[in-house]
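The following blocks contain the structures, represented as C-alpha cells.
Across the two complexes that follow, chain A remains constant while its partner is chain B and subsequently chain C.
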Partner chain A sequence: MTLGQLASRALRTSRPSSLIRTIISTPDLNTSSAGAAAVSDAPPPPPPDRTPVGGARVHFTNPDDAIEVFVDGFPVKIPKGMTVLQACEVAGVDIPRFCYHSRLSIAGNCRMCLVEVEKSPKPVASCAMPALPGMKIKTDTPIAKKAREGVMEFLLMNHPLDCPICDQGGECDLQDQSMAFGSDRGRFTEMKRSVVDKNLGPLVKTVMTRCIQCTRCVRFATEVAGVQDLGMLGRGSGEEIGTYVEKLMTSELSGNVIDICPVGALTSKPFAFKARNWELKGTESIDVTDAVGSNIRIDSRGPEVMRIVPRLNEDINEEWISDKTRFCYDGLKRQRLNDPMIRGADGRFMTVSWRDALSVVAEAFHQVKPKEIVGVAGKLSDAESMIALKDLLNRMGSNNVWCEGNGLNVNADLRSGYLLNSGISGLENADVFLLVGTQPRVEAAIVNARIRKTVRATQAKVGYVGPAANLNYDHQHLGTGPEALTEIAEGRHPFSSLLKNAKNPAIIVGAGIFERKDKDAIFSVVEAIAKQGNVIRPDWNGLNILLLNAAQAAALDLGLVPESDNSLETAKFVYLMGADDVNLEKLSSDAFVVYQGHHGDRGVYRANVILPAAAFSEKEGIYVNTEGCVQQTLPAVPTVGDAREDWKIIRALSEVAGVRLPYDSVDAVRSRMSTVAPHLLNLDEREPTTFTAELKPECSEKMSKDPFANVVDNFYMTDAITRASKIMAQCSALLSKK
Partner chain B sequence: MAFTMRAVKVPPNSVSLEEARTRTFEFFKSACRSIPTVMEIYNLYDVVTPSQLRSNIAAQFRKNSHITNTKVIDMLLFKGMEELGDVVEHAKQRHHIIGQYVVGHHGLSQDSGTKDEGASDFLKNFYKTNYF
Partner chain C sequence: MLRRLATQRLAQIRHAFNPNSQTTSRCFSTALNYHIDTPDNKTDLPWEFSAKNQEKVKEILSHYPSNYKQSAVIPLLDLAQQQHGGWLPVSAMNAVAKVIEVAPIRVYEVATFYSMFNRAKVGKYHLLVCGTTPCMIRGSRDIESALLKHLGVKRNEVTKDGLFSVGEMECMGSCVNAPMITVADYSNGSEGYTYNYYEDVTPQRVVEIVEAFRRGEKPPRGTQNAKRINSGPEGGNTTLLGEPKPPSCRDLDAC
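So, the complex of A and B:
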C-alpha cells in the first residue's frame, strides 16, 4: 500500500465530489523506455506467414538461383528473373496495375505499379524492374501512395463520367483502384477530351473515350491472337487505339479483349446494357462447342444465361476462350424443344405428354428386330447419357451405337489412338509441329493459341499438310494430301530431317481423318513418321489426335463403337440423341426415328417422335476433352418447359419398354460409368495414355489420293446451339474468314 | 347463433397420448355432429351427402395419424377446432367448403389409377418434373 494510495483513500473519504482525481503512480511507470525494453525479454511474436497472391504456386526453374528480396520488411525467396511486381505477388502484396498482364509482354506505360525501392531516387515501375538480390521494396510508404493517387488523378482526368451507363461498372479496375488507392477529391475543372468510337465487329463494343491507353488489347492481338489488327495511333493526349484501316476484328479470340480491357472501352456488344455483374449468378462449367473443354463461368440471372466468361485453367485454356464459346449463349434461348411431340398422320407434330411419347417409342422398339436398331449420340452429349444409351440399346439386343464425328469404322482399343497425347499444356514443350489434315484455328482455337505461344517463345517450326489455311503463325505448307505424308515418311521431304533432329516433335492429326475410308492407311503412315522421328518415347508421346466434338473422347472411352458399318441403311429404328449431322439420306422411309435433343435443328426434320432434353447449361454432365481431361458441367439455369435430362429420359424409356436400367440417380449412373471407364469419375484430372501406337497391327489398306478437306467450313456455326444463335449468324456473315 | 356454441378453448396440454387420443375422438364426434348444421348453412344438399363429408373429415384426421408427439397433436387439435368454429359460425363461404371438403385432391386419385400401377418411384417422379 503506497503512500499515494493512502492519500487518495483519505481524500476520497473526506470529499464526496470527485472533482479532484488522484494520480496513482507505480515504480515501473516512472522508469525510462530503454529500461522497459530491457525488462521485457520475450521477443515480439513473429509476423504471420505471407502466402502468394491468389494462392499461386511459385515455380523455381533453378532452385540454386533463388534470390532474396525484402517486401515491406518481409524476406521472400524468388526465382532469378522475376520483376519487383512478381516478387511482391509472391510475398502476398497485390500491387495495383492497369497495363501489366501476366500473360502479355511488359509495357510499363500506366505507372500505377510504382513502388518505392530503397536507394532509388524515384519510385520504380515494379512491373518492369527486375528484382535484384537484397532489394528492399516498400509498397505502403507515403511516396508510393502519393504516386498512386497522382496516377489515378491523371487517368481520371480524361475519363468520361460514364459509370452509370458503362457495362464495366461493378467489375471495373478503374473503379476499384480509385476507391482503394485514389484520392478522395478531384480538382479537375477543364474540359475532357473525347475520342470517336471504332467499329470492331458485331462482338466487341468500343467506347474509345473511356480508353486509358494501357495497350493491353494491342499486345493481346499481336502476341496471343496473332492478328496485328489493333495499334496505337497518335501521341500524347491524342492517342487512340484502333485499326486505322477500318478493319473488323476477325480473329477467333477477339472476345478476350473484353476481359482484358480494364475499363469499359472494349465491352461485349451482345451483353451491352443487359445486366450488372452483381445481379448475375456465376456457375462454373465447361464449354462444349468444341473439343477443348475450356473452363467457363456461366453468368445467369434467373432462368436466362446472360453471358459466358472464361475461368482460369493453366493446363487447358489459360484465361482465354474462343468467340464461339463466349457468344453462343443466345442460341440457348432460340429454337428450344420443350414438349414431347409425335408426328401425326398428316406429317405435323403434335404436343403430347411424356407418358404417351414414351409408350409410343417403347411400342416401336418392340416392333423391330434387334439388328435394325441404331443409336447415334450427338456432338454435345455427356458421358452419362451415352452410357445410358449404350446400355439401353444393348439390352434391346443391338450394338450399333456410335457418336457423331467418330466415323463408322473407329478403333477405340487404344486411348492413344484418339487423344491429344502430349496434353494441351505439353504442346508448349514441343519444338517441331506437323499438322496433318487439321486446321486448328477453326477446329480448336485454344489449341491453336497454344501452338502459337510455343512458336513465338521457342521459334518452333510448323509443317502443315492440308488445304491452304491461314494459320496465324509461320508455317510451311508441305502439301495437300496423303502423298506429302508418304514423302515425309520415306525421308524424301526436307521436313523429315527437321523432324528427326527435333528434341520433342509433335504430330497433330485432325479428327476429320476418322471420316475417310483410308483412315487406317493414313494412320499407319503417320505412325511410320512417328517412329522415324522418335516421336513416341516413354517420356514424351507426340503423336496427337485433335478431336472435333466435345462428346467424341468420352464416347470412345465408354466404348460406343458400332458393330456393323452400314447399319443406317438397314435400320428400322433410329435413336438420335442430339445427333444433327448424321447423314440420314440412305435411311428407308418407314424407319422410325426418335430425336432426343434440346434444339429443333436438322435432326427433327426426319424424326417421328421428339423428346426434349436439357442443354449443357442445364445439366450436370461429364465431358472429356481432346487431351483426356475429365470435367463436368454444372446446371446454371433450369430446364426449358417440360424437358428432362438425357439419361433420365433413357432410364424412363427403358422402364416403359420393359428393360429397366439398374440406375436411378446420378451417382448410380456414374458408378456404372466407372465399371467401363473408371477414370471418368476423377474430375479435373487428366488420365495419361499408357499404350502407344506401337501395339497396333500392320495395316494393309491403300491410301487414296484425295487431298485433305476442310472439316469445319464455318467456324461460327458447327453444332445445334451455335446454329440457333443470332450472334453467331451475324459473325459468320460479317467475320467469316474468306 | 352458433357463435357461442363453439368457443375455441385452448386445451390444456395433454398429459399422455391416451388423453390426446380421447380429445381427438371428442373433436371428431363434435365435427360429425355439426355436419347437418353446415349443410343447412351452406346449402350443400344437392352437392354432397353427409356420409361423404364424414369420410372426408375422417380422411383428414387419418393423414395425421402417424404423429406421436402430444404437443403436436394438441396444436393440430387447436387448429382443427378453430377451423370447425369458423365453418359453423359462417365465417367461410360455400366455395371454401366445396373446394376444401368436397372436391378433394386430384393428385392422389390420379396416382391410384391404373395408369401407373407398376411404375417405380423414378418413373412417377420423371413424369412430374425434372428435379427429383
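So, the complex of A and C:
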C-alpha cells in the first residue's frame, strides 16, 4: 500500500529538475548586471528535511556508536549494524523489495533492492549489506534503475497474466513496483512454467503459479508462527513453495501469510473473488474475539463487512492478527437478531415493536423484588453498555451485575490483580516465563507470538504448569496442577532457582483460574512465588493475568462485581446482555429472562424477551484489553434491522421503567464512565497499575488438588460471532489440533 | 520483428536436434516436488536405519559438531537411499529428520534440491548416462537410445523385473573417456553399494554390460576400451615415456 505512494514519488522525482529554468522578467533584463547578480546571489534553498519512510524508526541503543552514511548525497546518522536498506528508509528513500520484511529474517533472494554503492564493482543487495561508515549510497542512478528494471523483467518472465482474476490486484506489490520501477516491455518469448496449487486449508487460497519465490511465507511460518510446515522445494525455475506432504496450515496465525505474500499466490480463501480493494471502505477498529484487542481495519462495501485486515500497533499486535480475528466476519451476517421479540404463551417468539418490548420488560422489572434482579454482561460488551447496565440495575435496587468469565468471588480492588501488568510489548524484556493454567496459543494467540518472539530472540526459558499443551516454543512442562506451584513456591522445584536468578521474570496466570473455587489460594501461592523471585519491583511488574474476553478488563475497571455468588439461583429477573456462556441450569423456571444481544446464540433459548443490539463492527464502544490499554471500536457498517446500540436500549428501558438514566449521548455515557474509571477516556493509552498484591490480606483457603484444565477447548468457536461463522466451523472441523 | 523471427528459427533448430524433449523447464529430478501417497510410499509406513547402518549413522554424525547435527543431512539421506534400494520414501526422510533433530520439511527441501536423491522408485541397477557436451559429441545420445531400446523403457522408468532404470546425468568428469555411463548398484543394500563408471562405451558394449549385470556378474569398471589404460591414449603414451628431467639447480655443495 505504501508502495503506491512510492510509485507516484518515483514518477515525480524522475523528472530532471535541470530542465526547469527561472524566467527573468523584463525590468531585470534591462539592468543586466543587477539581474545577473540577483540570480547568482540568492543561495539555493536548503533541501527539505528528510523524514524516515516506510514506518522506519531510529533507535540508538548506544549513541556513541552512530555512524554516518550518505544516501543520494544526503547525510544521515544511523546506529551501527543497520543495513543499507534501513539507512535509506531513515533517510526517506523507499527502496523496492519483495523478499525483505522488517519483522522476518533477511533472505536477499529477490534482488529488487539493488542500489549502487560507490566503490562497489556491482550493485549491492541493500537489504543484506550492512551500512559502513562513510558509505555513499546512490539509489537513483542509471545503474540502480537498470538493475531494478532487469530484476522486474526476470520476475515477470514466469509470472502468469492473472491480474484480472487475481485477488491481489489493486494491492499487489508486483503491480505497483513494475509500474514504478519496471520497464515497459519484456523480451520473453518462451513458454511460462506453471506450478500445481497446494491445499493449505480452508483459509489460505494458493495459486502457486503466481509465486515469485520470495520465501516470506516460509520465513514467517518458521520464525513467527513457529510451525515448520512450508519450505522451498526443488531448485531453479522449478522451485515450488509447499509442504511436500499434504499438510494443512494449522497454525493460528496462518492467515498472516495472506498479508505477507507480495503477489497473489497466497490469498484469503473466504474473500476470494468477492471484492477489489478500491471498492472497500476501511474503518479502523478493534478486535473483540479475544482479550488482546488487536488493531484491525474492517473493510466494508456498503452494509457488508468484506474482510478484516490488521493495523500496525507495535505495542499490542505488531502486524499480525490471529485467524479467529481475521475470519470471524462472516458470522456477523448470520443468525442476527434484528427485531425485538417476545415469547408468547405457546413458547414461540413473536416480533413486536420496541415500545411493546420495552414496556413488557419494564413491567417485569417492577414485579420482582430488588434482590431477585440479576444482570450479566457478555464477553463482547463494550464499556458504555456495561456502565449503563450497572446503573440501571443499581437504580432498580440490585447490585448483582457481573461480566462473563470473571468467575465467582470477583475481586476488582486491585487493577494489578486482573491485568497483564508488564504489558504485551513489555513481555519482550522478560527472560524467564512461568505460565500457570494458561494456554496462550489458544487463549491469546498474539501474546503467544510475542512470547515466542522473546524466546527466539533471547533464548528465554519457559516453564508451563497445566495440561499437556502444544506450545510452539521450547518449554518445560513443570506439572499439571496446583501442587507444582506449591513446589516452586517452596523452592523444591528446579525451576525455582531459574526464577530466582532471572533478571526480569514474568509469571502469566490464565483467567481460567477465576472460575475455580480455590482461586484465592492459587493466587496467594503465585504471589509467594512472585515475592521470592523478585517479580514485582518498581521498574518491572512481572505478575500478569491473561484475560479471556474483550469485556472482562473494562468490567472490572467499572466495578461490575456481584454482591452474592449464587444470585442466579434465587433470581426472578435475569438481564443477559450478550451473555451466552452463563450456566442457567439452576435458574427457576418462572424467572423472567431478557436477552439483549446481536446473535441468536445460546442465550436466546431461555429468554422471554429478545432485544436486538449492535455487534462490535456497528457501534462505537470502548474496550480495554488484557494489558489495560483503552481502545475504541468504530462503526463500519450500519446495524441490522431494528437493532440499536446496547447502551441506548438500556437508556430507553430505564425511561420506560421510570428510573431514567441521566445520559442521552455517547459523551454523556463516557463522562459517567469517567466518574468511575477516568482512564477509560484516554483512548489508545495504557494506564499502568500502581498498587500491587502486597496490599492484599492473607488468604486462608486451601488449594484443591484438581489439575488445571483447558479453558478454551475450541479455538475457533469461543463467542457468539465465531459460533455463527461458517468459516470458523470449517476451520474447527479441519484444522483443530487433535 | 527480426528478434521474433530469430527466436522461431532457433526453436526450429532446437527441435530438429532433439525431437524428444518437450520439456520447457528442465527438471532432472525423477519425482515431483510434492508427495503423492502410493502404497509403498506413505508417511505412516515405518522406516528406520538397519542395525548396521545405525553404527554408520553414529559415525557420520561424529564428523560434525554436536550442535550442528543438521549438517549431516546429505550423507544420512544418501545412506537411507542406499538402504532402501536406491530411492527415498517419505518415511525415510522423516526418519532422517528425527535423527538430525529438524522439522521434516527441511529434509524434504534438501532431498528435492539434489537430483541424485531419487524420490521415486529406481531399478536395482540404476544406469546413468552422461549427457553433457563432451559426451554428447562423442555419441552419448546413441548410448542412451541403445539402452532405452534394449530395456524397453523410457527415461526414468523401471523395467518390469525391477532390475534396471536409465537416467540422464550431468558431467561426471570423464570427458577424456567419453561417452560413459555410471551404474549405481543398489542390489546389495548399503553394504554392497557401488557407484562405478563404465567409460569409452559403445552402444554394443553398453548392452553387454547390462546383460552382465542381469546375470549377476560385475563387469570391470573403468574404460571399456581394451587398448587404453585409464585415461591414457590408445596405443600407449606418446609423451612422458621416461623419468622426468629434474629442473636445473645450482651446485649445492659448492661453498
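By our rule, the second predicted complex is superposed on the first by the 691 of 738 C-alpha atoms of A that agree within 3 Å, B and C clash if a C-alpha of one lies under 4 Å from a C-alpha of the other, contacts with A are read in each partner's own complex, and residues count from 1 in each chain.
Just so it is clear, a residue touches a chain if its C-beta (ideal position, glycine included) is under 8 Å from a C-beta of that chain, and two chains touch if they have at least 3 such contacts.
Here the structure is a predicted model, which means the values were calculated and not measured.
In the superposition on chain A, no contact is made by A:Asp330 with either chain B or chain C.
In the superposition on chain A, contact of A:Arg355 is made with chain B only, not with chain C. Once the two complexes are overlaid on the shared chain, A:Val196 sits against chain C while remaining clear of chain B.
When the shared chain is aligned, chain B comes close enough to touch A:Arg644, but chain C does not. Looking at the superposition, the partner that touches the larger set of chain A residues, chain B or chain C, turns out to be C. Applying the stated contact rule after C-alpha superposition, one finds that A:Gly238 touches chain C and leaves chain B untouched. Contacts from chain B toward chain A in the complex involve residues 115, 119-123, 126-127, 130-131.
If you check the complex, the residues on chain C that touch chain A are 3-4, 7, 24-27, 29, 32-35, 37, 43, 90, 102-106, 108-109, 112-113.
Across the complex, chain B is touched by residues 353-355, 614, 638-639, 643-645, 648, 651-652, 655-656, 660, 664 of chain A.
Residues 187, 189-191, 193, 196, 198, 228-240, 242-246 of chain A are the ones that touch chain C when the two sit in their complex.
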